[in-house]
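Shared chain: chain A. Partners: chain B in the first complex, chain C in the second.
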Partner chain A sequence: MPIIHRWLAAVAAGAGLALAVSAAGQDKAMEEIQKYRQMLQDGNPAELMEMNGETLWTMPRGANGATLEQCDLGLGPGKLDGAYAQLPRFFADTGKVQDAESRLVTCMTALQGLSLEEATRNWHRPGSDIEALVTLVATRSKGAKIDVPARHPHEAEMVAVGQEVFFRRSGPLDFSCATCHSQDDKRIRLQDLPNLTTVQGAQASMSQWPAYRVSQSAVWTMERRLIDCMRQMRFPDADYLSEAVIALQMYMQKNASGATLEAPGIKR
Partner chain B sequence: MRRLAYTLLPRMLLPWTLLLGATAALPLPSSAGDVSAKAEDSFRKAFSTASPEQWATRLAQDEVNALCSKHRNQPPPEVAARIIELSKASIKLPEDGKLMGDWKEGEKLASIGTGGHIGRIQPDRAGTRQGGNCYACHAIAKQEIAAGNLGPSLTNYAKVRGTSPEAVRYVYAKIYNAQAFFPCSSMPRFGHNRWLTPKEIADAVAFLLDPESPVNK
Partner chain C sequence: MANPMKIRAKADGDVVEVKVLMSHIMETGQRKNQAGEPIPAHFIQMVSVTCKGRTVLSAQWGPAVSANPFLSFKFNGGHKGDKVKVTWVDNKGDSRSDEIVIA
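Let's look at the complex of A and B:
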């Protein structure tokens, strides 16, 4: 299992990193974090989730005993290559702008006959079906350009809604997404913060999602990431697949259009 | 102009009507003026499991947050004046009147980033202390290298600002409600929102201004 070997080497490097932070200066610490990330890049554990996703894609399931092979993610039934890079988008059959996750759930319920509860079970825990399927779908867009022009009126409206939500401040710390993500070259402690209001910042960030998160031992989908941001803002749990969460993605993916998707990335 | 728009409108709508087919009953996209109402509706619906108490304290906006959101944190002068007025009026002093507390307690608060996380997914354990988490955004004592930079460096703060009664009052008020000085500042209104107590704020003031604090060594 070469993946596991590289993985252990990376964990050892992580232990070294902890020492480096206390011993040396800030620049040195940042340098070590970069090295650590590069080591992980060599053997991304997301490959395991991708394999699980392939199994789920081709396995007959649900009341209809159907596979997901006819799922339409925007480019036509069963067309996976490049589809993730063009999401979220408007789907005429549901009358909604959908991201990868809500669209996969549509396929699982409509094609396979799974209940919503079954399709989204444990969505926020490592090893969920949705984690595996999103990893598969995103990996099949690796190297494609993010292309979310939002030309359809409902897509354009979702961009505008997402931008409003991005700047909406509330809660005991008065936070909005913009508090941390609307300026260049900012950090919380040593964690870099992308400026998601600019093309350059959105491209650098969105090209890496979904991402394997070392601290969580799981691939995090974009919805998982956004809903956790809201938790850190001290909000209550936002509903999975809710319109506001999809709107935020729509706003960021439009800003990120033109970037080459490198997902699944590796994050802290 | 108006007549032109009137005659063009049905033709512009036609392709969408055809495309939508079975979903022709779909409401049409809102005009630009409706976007904030639509966004508010979207946001509210996204928290369907939040309790009324969580709504009141976590999601509803007070006037200041609503104004800052609307103006993308860059309020025009008259709005800025209104925010300053509201924010100044919100500031309350500690009961014992001491604005300089214990710098050692303030130092602890500056490193605590926990507390206040709610929800089913990953809440804080009951009784977890809410800190000021000052280091998330500010360089403060020079020994702490893992400091963020969303806010300005406060290293050697007493040397920069002095320790006069005016300086002490300013720093207390700034932590209590930063928007009394910087309308739509990113900084949480720690006192106004009751995230920190007046005594805890006085401890943070001491961490920044006490000559014995590592911030000024």
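Let's look at the complex of A and C:
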């Protein structure tokens, strides 16, 4: 082959290689991130919040000087194991569908006599009581199957409301949850976007919450995450413990049922 | 005293694997608060691990170590039933020690 042809062939081969590398480069980045996440599984700082949660669970507090040991999270007073995996659910004593956070606040106010302000203090900041208690409750359901059948009429209603909220476009950007979370294989920069409308997507996602957010040095509860999603969509602030946020959880947990809860997870 | 650490120690023959999760803010000193003022540095500077009076690990840490540090290492010469003691000291002079029995 003449020298010039050999040179052209070498350049073409080199360019082909370069193209292949750049496409593979993105997948390689995802692989490395997966490896990093695997490494983080050991020594999840959420265990420190769990320890704090255990202290709070058995500490007499509030006007009634009571502990949380009689708190009913759906499986009976004081029954922690597996309770988180079945939330949200309907509670006859309050007549409402409640998630883990609102139920813990019910126990803190009704059993212990703490005020609503004391119970929810700093819910959006690291180191709060609610962060520690939710981490404790979720850890006690680790390995259990998410089981939210939504048979009770109020539960079924909340699933429908949650679905409505999920698909409703609003705010100055005209976003809905579905804008980012209703298609497969999408991402924002290097953050994969789960398709929360499918069983697979919901299962992969909901099994990891609550999760320790490395960037925040804190465990984020599901409500914290959902309310932050709303901030990211530039929606008006949702109230903590509001029905809209509980309804969204109801919709997603019903889709996620059957998945094994791996919480607390660990994330960026 | 500062928040407790979570320590696990497992023996496999002569080799002991120790995993420690420490509760510490590890503030680098580079971050600024809302008012624009630097938040003072507050991080663990020294870590030492002993077993039966013998130092098995000694570390000098700096602000590059993340908040709530996780330390995992192996050492020789420990056995099931021995005690492992982990101590840290930070740049403000605060310290914490916790002990565990090797499983």
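We take it that the second predicted complex is superposed on the first by the 244 of 268 C-alpha atoms of A that agree within 3 Å, B and C clash if a C-alpha of one lies under 4 Å from a C-alpha of the other, contacts with A are read in each partner's own complex, and residues count from 1 in each chain.
We adopt the following convention: contacts are C-beta pairs under 8 Å (C-beta built on N, C-alpha and C of every residue); 3 or more make two chains touch, one makes a residue touch a chain.
Note that this is a predicted model, so its numbers are computed, not measured.
When the two complexes are overlaid on chain A, chain B and chain C sit side by side with no clash.
Look at A:P88: by the touch rule set out above, it reaches neither chain B nor chain C.
By the touch criterion defined above, A:M51 reaches chain C but does not reach chain B.
Note on the superposed arrangement: chain B and chain C approach each other to a least C-alpha distance of 10 Å. Those residues of chain C that touch chain A in the complex are listed here as 3-4, 6, 19, 21, 23, 25, 66-68, 70, 72. The touching residues of chain B, counted against chain A in their complex, run 16, 19-23, 26, 28-30, 32, 35-36, 38-40, 42-43, 45-51, 54, 57-61, 65, 68-69, 72-73, 116-122, 135-137, 145-150, 186, 188-189, 193-195. Interface residues of chain A facing chain C in the complex, by the touch rule stated above, are 42-45, 47-48, 51, 214, 217. Of all residues in chain A, only 21, 25-26, 29, 92-95, 124, 153-154, 156-157, 160-161, 164-165, 167-176, 178-180, 182-183, 185-191, 193, 227-228, 231-232, 234-239, 242-245, 247 touch chain B in the complex they form.
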